[in-house]
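In the two assemblies presented below, subunit A is common to both, partnered first by subunit B and then by subunit C.
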Partner chain A sequence: MTQQPLLTVDGLSTYFYTDRGVAKAVCDVSYDINPGETLGVVGESGCGKSVTSLSVMRLIPEPPGKIVSGKITFDGQDLLSLNERQMRKIRGNKISMIFQEPMTSLNPVFRVGDQIAEAIILHEGLSHKAALERAVDLLKQVGIPSPESRVYDYPHQMSGGMRQRVMIAMALACKPKLIIADEPTTALDVTIQAQILELMDKLREETGTAIQLITHDLGVIAETAQKVLVMYAGRVVEQADVKDLFTNPMHPYTRGLMRSIPGLGEQEERERLETIPGVVPSLLNLPKGCRFHDRCRHAMERCALEEPELKIADGKHPVRCWLYQE
Partner chain B sequence: MSCTQTANTTTDASCKSRSPLAEALLRLHKNRTALVGLIIVAVFAFLAIFGHWIAPHDPLEQSLYTKLKPPFWMPKAADGFLLGTDDFGRDLLSRIIYGARISMLVGVVSVSISLVIGTISGAIAGFYRGWVDILIMRVMDILLAIPSILLAIVIVAFLGPSLQNAMIAIGVVSIPRYARIVRGSVLEEYSKDYVQAARALGASDTRLIFLHILPNCLAPLIVQTTLGFASAILEAAALSFLGLGAQPPTPEWGAMLAGGRALILRAWWVVTFPGIMILLAVLGFNLLGDGLRDALDPRLRD
Partner chain C sequence: MLYFILKKLAQVIPTLLGLSVLIFLMIHMVPGDPAEMMLGERANENSLRELRHQLGLDQPLYVQYGKFMGRLVQGDLGRALRTNEKITKEIKEHFPATLELSMVAIIIAIVLGMLAGIISATKQYSIFDYGSMLLSLVGVSMPIFWLGLVLMIIFSIKLAWLPLSGRLSYDIVLEPITNLYLVDSLLQGNWAAFKDALWHIIMPAITLSTVPMAIIARMTRSSMLEVLRQDYIRTAKAKGLAPRIIHYKHALRNALIPVVTIIGLQFSILLGGAILTETIFAWPGIGSWLLNAVYARDFNAVQGGTMLIALVFVLINVLVDITYAWINPRIKV
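After this line comes the complex of A and B, so read on.
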């Protein structure tokens, strides 16, 4: 683990300036991803997972959004100092994205082959014919049957799982070093979910691409990720290797998430499914102190007053909680 | 369409890769009135392109001997002048055939002007929003606030009366219609995921607007273009009738109406036939436009 990380995000903060106030969607988030590694980012809806990844892609709509501080280094390049033109050369080429909704993420009026070919033509300057041939190969790679005829299909002729495969093929088109997958399986049914995750893992091994996998499903994380980032209300609350996290979850939020997954274990292991009471606080009106304290079963007096730091506790992994700090 | 639903499971080659356009044409085919409109438009297009072969006479050739001859079924009709002649002895049939060419030209030129400028400004307004949007759309509002024929008269008064200037005037007058339609569609499309996905693939703004978003806004635009043809023809005839468009002896329908207006009791055919041509042309484009609206509207698909 002494190699240079592929992506380093350091102290990233992204705010949205709305009419009703400043929404601190992402606050002081730091992490890194090594080449060929999968980083899982978990949290409920509205925790800043997607905003974090859009910040890396520099796709935050400005205004109202703004990356207020932080440093994003990708492959030795400072992404925040690049202009729009240089950034476009990175998007789809070095970093690509897979979106949550395969049903709407493909342009309905173009054949899927042309959509895959677009990125190749754009970034590698291939002829349309050569790019289309490559699109056929890519479709084969992502497991679409009879790709030679499927490249001529329109998106509405494909099922959700197929379209997500097409999205993956598009993301892979220029052999990116990093793929950011924003809840790639949420809109799919369970059997297809497993197939897509398996496919992504297989492609990661084959191509050595790093993956930043955003999800709210810890099961997905357990299967595919090596490192995990748990986010809550725009903050990283726990950061660990996947093994560490599942054997020794420390933050009450992480534990709550784990208890709210239905288990398929033995009778005596099976308990009543728990929920975390309450909802994620509004980013416009964050509570004082620890952002999780009003939903936390271990909340102390101190939690409502001061916000804890992200500190390595028990010599294991960083966690943002007063339970482990003096 | 049934093949849309089954395409996932079957590999029926016939419906494999039917483009959205082909599907729309298929639906158009089922609509009888639209088909009538299409036929009328096709006939006019044919007349416009091949008019010089079809017309029996030179539309400008005058002859005092054959002055004000009635159409062929009436007594005293002259041989060779099917629809009769006007007060200069010119063949009416030839003149209205050549008139089709002029009206089609007016339609193409003025619709192109308003389509290109309207689409680009509407797309920019919808895509960038903010002050650009406000600026562009308020200018459009001002244009819309003035009655179109009045505005066209003002423009022609500035540029001088000629067919060319009438086309420019008609083009300018209908820019806001296109701009508003395109802006609305772009606003709607902008928020869709495929736009973000294309951006994440490294597409530039221009590429996003013209390659990804605009093709998705085509349906209402095609309808408006077709209907725009009808109103352009009508407005050109109106301007020419007022003496601000085509100048005599150009065989323009509106100008022919103006020229024959004094003869309406003595020689009704001089004004009736150009009038019928205007009516048919406008009707044809309107029927086709309505049919296209039904064919392209996704909500009306079965």
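After this line comes the complex of A and C, so read on.
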């Protein structure tokens, strides 16, 4: 089964040049996504998850940001070599995005139907009327009741969950090959979260789009992703199939993340929820050696001096940790 | 929407009532006796008393106010003491001049000010941004009578491109309809008059537009910068829209909301009579008319003129509210 990956990111580094120094938000990140597959990207806030996806969309504000190295190949096209005009033909058309904040991600002064139709008119050249009809179908597809009247709603007339459905409808509008969902459920209630994730999974099966799902919630990953990328301070620290990762988490950071998920076990099994001590280091001032060493319970002398490579350990999956090397 | 407009208009009535009381009281508290002004210092006590009685000034204030309001609701502001003309007639002659000048000035200010603000915001920290913001700083801080005089020296005296002052050349005949010369000449197809009126209005309008233009430019810039940081702009980018559409469609409509307030405010200030500009350019507008009325202690005219300006202010505010509701769907109509 040697399928051509839909998206290949190879050695991507994105830095931000600020007055206080260079923030290395993404360092040498590589991964690929196959058609119709969901890749989960996990990590705490400030780990470079969003910057990675914005780099793929070439939406990094420049300056101060800059993609300093790497190669992004999408559907056989080298995205970093495209000019702005060519890139605009890909955005919203072949790759679309769903953002974290449904409350603020829709333009408050335009009707939701028009906002969905806009991308269709732009990329497929449909008439406004035809595009609006498609918008109604899309709203129906994402489970919005009475879509015929809802297309004429303004965003403020909808709840958060509804707005996120509109965002998903907007992302699906031009039948993209890849949807990048940046924490799509973080701002929503737990029950709505489940509905939205279910919806995304259902749509993925129906339409065959691949999804890059960014989240800090491992529970979400377990439910929806096939492959997982664990990121820490701009680096990939572990990369595995979802089953592999949950049965055999190797990097201390991944394990820490798993221990900090609340379980629903028996009364006596329940313990105090663990946390990972400390915070993600400032990207302006990264520690020497392994970027996680000062928060790691297995830290050795070597960890503070040299940074480990991302290497396949125990013949299973790649992990960036000295515990599994030599 | 119609209901919304009617509701807003209905709210105007109590505001105007309150304003009429305020204006009436303030004018009657101003020192100086109109009768004495009219008859001169050497008038004898009898004729003064006679005139005060004739003007109704010897009656209690509330009676005077009642009479004033009684006439006002019939659209009668009384007679100007100076000229013995009906005040409504004088206003009809002078206000259109101010209205025409203010409209041209505010249009110039809106078009250029907003354009400068938008470009400055989208190209923040560029040469254009620094340049236009510096110019707008000059615009707000420069005395406009000085600018008016400088323009006159350059364009009328040195280059002789534009007429020095007034609204129309003496040899041009124009039948007044609305007293807005640009409109009247267009209605009558009188191109010579249109061109002449346009040539006359250019300099005073540019002079008058500088301050509002500078304020609008700064407001548009800061409002646009704020909007361009919003999440929905990122969404628009992710859709693959071109920057032009993102700026002028998605961002501008949101950024307009605070700008509309400023435009309304500036426009009402202009309509209140740009006394300096009107004086320099010998523009027969309401500002210079009102100034002369004040000098002459013509309290009837001052009262009428102030009422008119108050009405204009209030109506423009209603217009701003309606524009708000039109731009911003979150306002309940």
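Note that the second predicted complex is superposed on the first by the 322 of 326 C-alpha atoms of A that agree within 3 Å, B and C clash if a C-alpha of one lies under 4 Å from a C-alpha of the other, contacts with A are read in each partner's own complex, and residues count from 1 in each chain.
Note that in this section a contact is a pair of C-beta atoms (placed from the backbone, for glycine too) under 8 Å apart; a residue touches a chain by one contact, two chains touch by 3 or more.
Computed from a predicted model, the values in this text were never measured in an experiment.
For the composite obtained by superposing both complexes on subunit A, the positions of subunit B and subunit C are in clash.
Look at A:Arg88: by the touch rule set out above, it reaches both subunit B and subunit C.
Residue contacts after overlaying the shared chain place A:Val190 against neither subunit B nor subunit C.
In the superposed pair of complexes, A:Glu118 makes contact with subunit B and with subunit C alike. In the overlay built on the shared chain, the residue A:Asn107 is in contact with subunit B and with subunit C.
Comparing subunit B with subunit C, more residues of subunit A are touched by B.
When the two structures are aligned on the shared chain, A:Phe99 is found in touch with subunit B and with subunit C.
Look at A:Tyr152: by the touch rule set out above, it reaches subunit B but stays clear of subunit C.
For subunit C, the stretch among 42-50, 96-104, 186-194 or 294-302 that collides with subunit B in the superposed model is 96-104. Shared contact residues of subunit A with subunit B and subunit C: 57, 59, 88-93, 96-97, 99, 101, 104-110, 118-119, 122-123, 154, 156, 167, 170.
Note for the complex: subunit C touches subunit A at residues 230-232, 234-242, 250, 253-254, 327-330.
Put simply, subunit A touches subunit C in their complex at residues 57, 59, 88-93, 96-97, 99, 101, 104-110, 118-119, 122-123, 154, 156, 167, 170.
Within the complex, the subunit B residues that touch subunit A are 4, 7-8, 11, 16-17, 19-20, 192-194, 196-204, 207, 212, 215-216, 218. The touching residues of subunit A, counted against subunit B in their complex, run 57, 59, 88-93, 96-97, 99-101, 104-111, 118-119, 122-123, 146, 149, 152-154, 156-159, 162, 167, 170.
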